[in-house]
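Take a look at these structures.
Two complexes come next, and they have one chain in common, chain A, joined by chain B in the first and chain C in the second.
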Partner chain A sequence: MELTCTQENLNKALNIIGRVVNKNTTLPILDNVLMETEKGRLKLSSTNLEMGINCWIGGKIIKEGKITIPTRLFSSFIGGLPNQNIEIRQVGESLKLSCGNYRTEIKGLSAEDFPLIPKIKADPIVEIKSLLIKEALIQVLPSVSLSESRPEITGVFMDFSQLDKNKLVLAATDSYRLAERSIDLNGAKINKEGLNLLGEKKSLIVPRNTAQELSRILDNSDGELKIILSENQILFDCGSVNLISRLIEGQYPDYQQIIPTIFKSEAVVDNGEFQKAIKISSLFSDLKTNSVSLKADEKSKTVEIKAETGEVGKNSSKVAAQIKGEKVEIVFNHRYLVDGLNSVNAEEVALKMNDSSSPVVLSAAGGKEGKKDFLYLIMPIRG
Partner chain B sequence: MELTCTQENLNKALNIIGRVVNKNTTLPILDNVLMETEKGRLKLSSTNLEMGINCWIGGKIIKEGKITIPTRLFSSFIGGLPNQNIEIRQVGESLKLSCGNYRTEIKGLSAEDFPLIPKIKADPIVEIKSLLIKEALIQVLPSVSLSESRPEITGVFMDFSQLDKNKLVLAATDSYRLAERSIDLNGAKINKEGLNLLGEKKSLIVPRNTAQELSRILDNSDGELKIILSENQILFDCGSVNLISRLIEGQYPDYQQIIPTIFKSEAVVDNGEFQKAIKISSLFSDLKTNSVSLKADEKSKTVEIKAETGEVGKNSSKVAAQIKGEKVEIVFNHRYLVDGLNSVNAEEVALKMNDSSSPVVLSAAGGKEGKKDFLYLIMPIRG
Partner chain C sequence: MPNITDEQLWQAVLGEVELSVSKANFTTWLKNTFIVSKDDNEVVVAVPNAFAKEWLENKYHKFILEALQNISGKIEKVSYVIKTASPDPKKFNKINSQKEGSRVDGVTPFSQSADNGFDGILNPNYIFENFVIGSNNELAHAACVAVSKNPGKVYNPLFIYGGVGLGKTHLLQSIGNEILKNDPRKKIKYASSEKFTNELVSAIKNRGTKAFKDVYREIDILIIDDIQFIAGKEKTQEEFFHTFNTLYENEKQIILSSDRPPNAIPALEERLRSRFEGGMIADVSAPDMETRLAILKVKMTEKNFEVPDESLKYIASCFQKNVRELQGAMSKVAATCQFHGLEPNLDNTKKILADLVIRPLKKAITPKDIISAISGFYDVSTQNIIKKGRKKEIVKPRQMAMYLMRTEIKSSYPNIGERLGGRDHTTVMHAVEKIKNDLENNKALEQEINLIKEKLYT
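Let's look at the complex of A and B:
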């Protein structure tokens, strides 16, 4: 292999690639990045066996070839170089690099031992603005379960069953709270035949790490993302970066049935003020349960937030609110509440409640139609 | 105790006070801050038995009193409150606070059990611009020894013996490198009689943690710092904040004798470029010795930086330099070199060398007189 590329391009690619690299792995070659010339470009790949990333950059290819190089060292090294051209030349299982006044030789491992990242050749099911998927992932990711006891909820649920209504739904739950985001597919390209691969349920579960990586890769630009399926794999194709991942098998819980459709009370609060009050109250909440209580009363026009622990002390505060309906008091885990308020991502939040043992639904308040696409449900702590 | 103060003032004081608080201490009251009314102000104190901080803030004192309150909780709580007046009232061993819509009660411990922070009543030895001491501390602190095997070098050496030449000298060493900063006392108030307390050596050793804390407390303002001594204690008085600390006993090494006075070669390099090159080389240096080699050659007009480790690879780079004198090659620990270049704090650095087994001296290059007040010496790694 022999080529020339810019420090800027190689550095950018290594920053994307490097995140997938495992630490302390039992398979040392997974610490390496595969570099390979391909059709006049340089392809960089890394994998942790659950997912793999390929990234292509432009360059002047003088001689074809492939090699693997320790990712962390390579990434730190390239990151430190000046923004100039880098001449790269493979000599046996080493890479010789020359950039400005720097002359370097890095020892690698044979490309033959690098695990194959599967290729998926199929038409995309959906081609959609990257930004829409990124936004949705950021909203649902905090609710994905971290416990391995129920593997089917350790990923993001992608529901394609409403494509005919131009809707793609992303959801996540850890059984204490649920986040659901509906994405409007108007303007997206949809290939309904591709859906046959998903069978009757027309949905799939993307592992948490993959979803997290995808949300980072999708930049804030106006680029398009193609979602391509094979039997147990998914390919997210963003042009010069491809993310390929296994899918989680199993049946995602039918969460729709736990979302209440009627509510006895509704309180609308300023998101920022409400979060501040909950964070202060959380200092006085029990360390085991993380419980804070909310009391909404139409007459007082406030939501009262309270927490108390014997040894520490107690706190109460009031936040101005527009309240409709019955008086209600509910106890929550303050972490779930703050996560939810962040995910709602609106200046004013509506809390829709029934009683102290029923789930509460958070969503953006007000009439903006575009903001009605996200809901966050929290189970209360029963008194 | 009953008083009113602003959230801003109390928050600022707790941020200063909070840093001294120990974690996991066997004496739980050391986790607390002592709050005490004193001459119409509120005094906050914390101590870890090695050092103590007192901080005074203004307020409207309605009733005198004192109490101790868990520092971390109190600091987080006050930090989260809106910037308004806080009403504070002691009820038994609890503190009731009211600010905006927040009502809070925090449980405390009796002030009687709080360890006494010693008071030092004496005239200051020196009264000097805070900023000068802060700058000097930042330059010498990285060189203080972290190993307890020689307690006398685990602090910053303050040498008052040259007060008649208007010089205060700060130094630090860990026996691998040495940093020395001389502070010009022109304009400072000096009380030579106070020096008698220091005995013949006219110097003292300030524990590392105290020096670090002092460098943080001294803001970038134009304030004055008074240094006040008792037999085994030192008081740094910055007006509304006082830091009191024990001193380290023992004889500081007579480091002057190891600083070479004549050199066979001198290289002047751009500080930024040189640091970049060393950082890149360090990726290829042996993990045990951290060694990189420097080669200066008058003819080539460059300093060459090299590192190599069998399993990893090798790197070399050249940095433009103005070189005078003999050709020389010396091996260093790259960490000490980078620390030194940072401490020199000048765009151009002069490296003064003799041979591969002699110490090297770093200082600011060029004719600026003001910059000749700092030197950094590194012992080479012998080949």
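Let's look at the complex of A and C:
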């Protein structure tokens, strides 16, 4: 293998694929990145056997070939080079690089032993703006369960059942809170036949790590993302980067039934002010439960936030609010609350409540149609 | 090859493939694979993920096909599907409910299989087959075998006691292994009393005592090693008491071991003591010469190493009190001889064991050491031993102290009297005489003396 490419491109590619690499003791080659010339471009691949990433960059290919190189070393090395052209040449199982005044030789391993990253040859079921998916993933990811005790909720739920209504729904929960985002597919290309692969359920569960990587890989540009399915596998294709991953098997909980439809009271608050007040109160909350209490009263036109711990002290603050309905007081875990307020991503947030033991729903306030697409539900802490 | 099951076939294939690929590759790509279906000339193999599928299809296909053909001739085609090893849950549940109607509902099938051989703590090397029976442990062994054949029905609880390194743990684990062998579905919990305490403590810390209780009360056989360590831990004793009762009422087998009989464990609650004594109590004591020789011979066959009789006799005569040390000595002789190419004759054996045998067996002990050992063992204060007063619970420890001072450090009678609060030398003579007589008739007392001596000299 012999080629020339820019430091910038190589560095960017290594940053993308390097995240998948984790120290694998049984198969040391998984610590390596596979470099391979393919159709006039350089392809870099890495995998942890749960997911694999392929990334293509441009360059001048002089001689075809492939080799694997320790990812961490290679990535740190390339990151430190000046932004100039890099000449890369394979000599046996080593890679010789020259860039500016730097001359380097890195020992690698034969590409023969590198895992084959599965290929999916199928038509995409959806082709959609990258940015939309990225935004939605960032909103739901904080709610994904970290506990392995229920594998089916350790991923992001993707529901394709409402494609007829041009809607793709993403959801995540850890059984204490739930985030649901629906994406408007107007203008996206949909291949309804591809859906048969999903079987009866018309939905799938993407592992948390995969979803997280995907949200990082997708850039803010106008690029398109193709979602391609095969048995147990999903491929996210965004042009120069491909992410392929296993799917989580299992039945995602039927979360719709726990979202209340009727609310006794509703408070609309300024998101920034409200978050600030909660963060201050959280300093005084109990370390075990992280509890802060909210009290909404129509007459006083404020939401009062309170926290108290015996040995630390106590705090209460009031945030102006437009309140309709009954007086109510509910105790929350402040972390969940702040996560939710962040995810709502609107200047004014509506808190919809019933009583101290029923779930509360957060969503963007106001009638603007575009913002109706996200809701965040939190279970209260019962006294 | 007729009548070979898919599993056997696949094991054979794996065995062949293993030879041609590296270990890391073998475990990465062939773990959790199995045969899904097989007809005359096609085999379908399940693999856990798409990476493994790609790899097997493209890299190992030739090995696998060849191996299959070697073993089962006609196979022409192998294909791979992605499937995880866990059986279809619906089917599993069905089988479960048919076979084990008595199981509690709501317990998930997967945790059940994980429960067996609990935490992998049962050591498979401890089985009845390699336990050497002698007059010193006949009774204990017989009781253990009876319990393993019929858990929960005969001797419940079974209480085994005896000194260090005499095979208590071996017997206990053998019961567990034997029961599992007869019925792999049985849930066995093997724990030291320290582990029991630790689990309880962490359960209290995490407010999970309910889960703790559930774990311990839903098992079929509870084995607790070294139960004497729960002495003095009140909360543990209470929790153990309740666990004990629940299991006992449900006819679940409880097996305990200790270094002394229940009535000699200090600071043990009365209700527990009486329960321990309610079942079968058997002791294992130090083996006699013949048994020690037999143990050495078993060890010799295990190691596949020939040692002449006179050497064996020498080893057996040097290590009288502790089977573990006896086996250790044997291992040392075998290893040294094999390593240096020596003949294990009497001279060499003596040389090899010299540093083990001529260790300063009796470190210098003082009357003070004896008194504090006694006070620790019987849980009475030193002052009470020395003070005037003839309460029954103090008199016995005091007499023991006198006996030990006389036999172990050969103090004169008046001197002993002096040490123990200015008592008359005739009192001491009477005490020593009494303990000596009791020792002849009372096995438990002998056990106690040995334990105290152990404490003194370690």
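The definition used in the following text is that the second predicted complex is superposed on the first by the 380 of 383 C-alpha atoms of A that agree within 3 Å, B and C clash if a C-alpha of one lies under 4 Å from a C-alpha of the other, contacts with A are read in each partner's own complex, and residues count from 1 in each chain.
Note that a residue touches a chain if its C-beta (ideal position, glycine included) is under 8 Å from a C-beta of that chain, and two chains touch if they have at least 3 such contacts.
Just so it is clear, the model here is predicted, and its values are computed rather than measured.
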item	value
First, second, both or neither for A:E105, with chain B first and chain C second	first
Contacts of A:S94 with chain B and chain C, given as first, second, both or neither	first
Touch count on chain A, higher of chain B and chain C	B
Contacts of A:K279 with chain B and chain C, given as first, second, both or neither	first
Chain B versus chain C as contact partner of A:R246, first or second or both or neither	second
Chain B versus chain C as contact partner of A:G80, first or second or both or neither	first
Touched partner set for A:G313, first chain B, second chain C, both or neither	first
In the complex, chain A residues that touch chain C	26-28, 47, 49-50, 52, 113, 115-119, 231-233, 244, 246, 249
Residues of chain C that touch chain A when the two form their complex	24-25, 27-28, 49-55, 58-59, 82, 84
Touch list for chain B against partner chain A, complex	70, 73, 76-77, 80-82, 94, 100-107, 276-277, 279-280, 283-284, 302, 311-319
